[in-house]
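For reference, chains read A, B, C and D in written order, and residue numbers begin at 1 within each chain.
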Amino acid sequence: MKKIINDPSNVVEEMVTGLAGMYPQYVERIPGTAALVRSDKDSMTGKVGLVSGGGSGHEPAHAGYVGKGMLTAAVCGQVFTSPTPDQIYEAIKAADQGKGVFLIVKNYSGDVMNFDMAKDLAAMDDIEVRSIVVDDDIAVENSLYTQGRRGVAGTVFMHKILGAAADQGASLDEIEELAKAVLPHINTIGVALSAATVPEVGKPGFVLADDEIEYGVGIHSEPGYRREKIKPSKDLAQELLSKIDESLKLSADKKYAILVNGMGATPLMEQYIFSKDVLDWLGAKGIKPVFTKAGNYMTSIDMAGISLTVMEIVDDKWLDYLNYPVKTIAW
Amino acid sequence: MELTTELLDKWMAIFAEKIEANKAYLSDLDTPIGDGDHGNNMARGMSAVEEALQTKKPADLTSALKLVAMSLISKVGGASGPLYGTAFLEMAKLSNSETDLARLTEAALLGIKKRGGAEPGDKTMVDVWSAVVPALAKGNLTNDLIQEAVESTKPMQAKKGRASYLGERSIGHLDPGSVSSGYLFTALLEAEA
Amino acid sequence: MKKIINDPSNVVEEMVTGLAGMYPQYVERIPGTAALVRSDKDSMTGKVGLVSGGGSGHEPAHAGYVGKGMLTAAVCGQVFTSPTPDQIYEAIKAADQGKGVFLIVKNYSGDVMNFDMAKDLAAMDDIEVRSIVVDDDIAVENSLYTQGRRGVAGTVFMHKILGAAADQGASLDEIEELAKAVLPHINTIGVALSAATVPEVGKPGFVLADDEIEYGVGIHSEPGYRREKIKPSKDLAQELLSKIDESLKLSADKKYAILVNGMGATPLMEQYIFSKDVLDWLGAKGIKPVFTKAGNYMTSIDMAGISLTVMEIVDDKWLDYLNYPVKTIAW
Amino acid sequence: MELTTELLDKWMAIFAEKIEANKAYLSDLDTPIGDGDHGNNMARGMSAVEEALQTKKPADLTSALKLVAMSLISKVGGASGPLYGTAFLEMAKLSNSETDLARLTEAALLGIKKRGGAEPGDKTMVDVWSAVVPALAKGNLTNDLIQEAVESTKPMQAKKGRASYLGERSIGHLDPGSVSSGYLFTALLEAEA
């Protein structure tokens, strides 16, 4: 493991300090926690608070999305480990402006339970808290008999849309309704060229041969659904899009937003080439997405790979929310 | 059998020792079907529990249970933190009116099931807890029974937690949270002895 | 080589198509070229045009900085190869609004000569063109007897400052004067954990052992000044900062802007940890930078490593320029 | 000796052949002291030159030289593109009034020096050009002289171009641009023969 770090067991603490030190105009650390809240307190007044977070290692998620028009606070757990309820609870308190707080949680048992417990703690303070559990990763079969789909890069669209609505004064009820409406229309699926190395573990979560890739890998290097020889970008796009097509039934009559997401070690050059292949595939179906974005938005430390998120824009308001201006580090 | 602050202290001390001694083993169990951190998570939590009990010296059973719960909740993280935390929090809540271990662990198990939504057979710590709790009530909890419950998770396919992503590939591995729960109850037997 | 591409000899063409397809609100391709010009033509009216570019492989540079308040156009050469004068010339013509065009060139013989030739071509059209050659990389000894220092990540500060000035209506003379004033105050130096792999070459420019790093590597994997065992982030920060200190004479009485730049494969987690160490080192000297930023701004394809840019803010106006709002893909 | 469109056509055809045949070798030379692309750069450029000459069939020497220059300028990129391009552009400019090869290459060399700022001894193509040009004037250009000039770059320390970043480590390697310039002039000798 070759990393620019000091102590593998202290990476989150140092990272949060560095982040807060570099971007004081956007975020400030909540004392005694690894949670960050907006510096621009005026932008919070009278608004529903939006809190997200999860294990660290997904930078710029989630702290990079804290700021006017997007998240109110973000909680950084240990690497690939859910933050604890006390930390989430502090973020909820910091985000609350008397209008209630909405939690955006990715669907991992740890995250779901820790955020739930934080909700219980906040309830004792009479802070009204609601939440959505994002499960956009269609690589995992959705089933009542498993943990269900994982929450991955599509979560960032949720942050953006709810953030814009909250900034425009939506109530907690409205935010919850919006979140529920949007959720089933976000689909993500990814492919890995290499796995992430958690600093404390010191070696990658799995090893792929020099010419191998794995489809459907999660953002913690969870195993995917198929391993095979590396293919041209076009074929990768085709594979991921056809999975999404099965699920969303892509159609030229509908509007879509696209997020091409780098996993941490994948250069923008590759992301843009892959983007072209995605746009070409969609174009051949007569689809011209109304919103597009490519970059590192929900990473997996130093994993090489890419994920593709497609969201159907059922209501034009959602597009306005995606385009609504924000002041964040990373959107 | 009744839970007292003395028994709880002893219980937690022995549990912490077992976790520390088997930290690497627990994380290794968590590697093929999880993310390889269960041992570290539990060790971090139990050393916090021990420190809290020793420095704060809670006056009564309820505060002691609450302290254990809060230490676990704030230090373990992941899935096992809120589950173990909930278990002790439920015991703390009930301990005002009830100190019988069978009743307390029943409440704990209910809490775990509610928090995580797992049922017996889902290859989680619930498999161990739901074998142990009735045995405690009947007064026939033994190491063998605990061991059997732990081993029973091996052939199961996971339906909850990280291991459930693996589908059939989760079969053939012990569930790490069941193994740590096994330690919890053998520690109880040793503390009582 | 494991990359998400199709044809190694066609990466630039496909990348430019993908980029323009994903970000039509910011950039549009100049027909027949691999150059991109602002989509927002209104923002160009009556302003000096700013054109930059260079070999590809440094994404998001340079196209990611095209937009209101920053560059007017950017030219994408082949990977690590200067663009040709005809392409630069087209970008100059597209950028020209009758107020002249200013070129921001990184100091590589190829870039300098090709941009110079483009200047000659534009002169025949009576477009007034001036330029600055950025040479911020202090890893290379500055000398009259060599090509001199290379242009690296500090170039992005130049884009930003001149872009803000141009947007505020500065004349070509004023832009040139500003560029000359700023240039000597920008210092950059980097460290590599691994070299970049040019797709057409198929193997990394050099190979470092699993525990080796190299100080002073350029953004095309040019050799650096020292190879040694990997050190903690703190020590890397100390090494790079002391080199910069020798050159800039850092002092608590002065104001500084800081850019921590990831080389392409370095996760933000590491960049933020390194940032903390940089801020700590400066803090110990009584220096609190007035502008700070961390991320992938001038990359080297898939190189792992980091560079540190320190710019002394001699005139408070420069800080205003750095903070001036822009509409770009990547600033 | 006089440059005619016929001679230029032949010269360029032979030069293009040599470049194509030695593409990998030129890139290999560019690897230890450069970025390993000189062969590819030149091959891309010369195939564009050949295509342009064959499809556009320029009517006079000046247009032919200009076409060669513009093809190199727009296809080669890097450092060698503008240098070779400038060389032919300078010849084109002068060719209205002058067709003597010695005078034309003199102008080309001046252009190269002005464009790149290199002097003899800097380990660049200027070393070959500045040995060849006076020999052309004196009418005693030979393959040996060209070869000697190319070889002379080996012990030099680079002062210009990418190789100059290496400082002393550039010593002991042939300069790739000098080798390709060597091909240019041996191609000229063959075309004249």
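Everything below uses one rule, namely that a residue touches a chain if its C-beta (ideal position, glycine included) is under 8 Å from a C-beta of that chain, and two chains touch if they have at least 3 such contacts.
By chain, with names taken from UniProt: A, C = Dihydroxyacetone kinase subunit DhaK; B, D = phosphoenolpyruvate--glycerone phosphotransferase.
If you're wondering where the values come from, they're calculated on a predicted model, not measured in any experiment.
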item	value
Graph distance between chain A and chain D, where chains that touch are linked	2
Gap in Å, rounded to a whole number, between the CA centres of chain C and chain B	54
Centre distance in Å when chain A and chain C are each reduced to the mean of their C-alpha atoms	29
Intercentroid distance (Cα basis), chain D paired with chain C, Å	31
Distance between the centres, which are taken as Cα means, of chain D and chain B, whole angstrom	78
Chain C: positions in contact with at least two other chains	none
Residues of chain D engaged with two or more neighbouring chains	none
Topology of the chain contact graph, where touching chains are joined (line, ring, star, complete, other)	line
Chain pairs in mutual contact under the definition given at the outset	A-B, A-C, C-D
Residues on chain C engaged by chain A in the complex (per definition of touch)	2-7, 11, 14-19, 21-23, 56-57, 59-60, 64, 193-194, 210-211, 213, 230, 232-234, 236, 258, 260, 264-277, 279, 292-296, 299, 301-302, 304, 306, 330
For the chain B and chain A complex, residues of the former touching the latter	35-37, 40-41, 70, 73-79, 81-83, 85-86, 115-116, 158-162, 164-167, 169
Interface residues, chain A side, partner chain B - complex	77-78, 80-87, 108-110, 113-114, 116-117, 140-141, 145-147, 150, 200-201, 205, 218, 220, 222-223
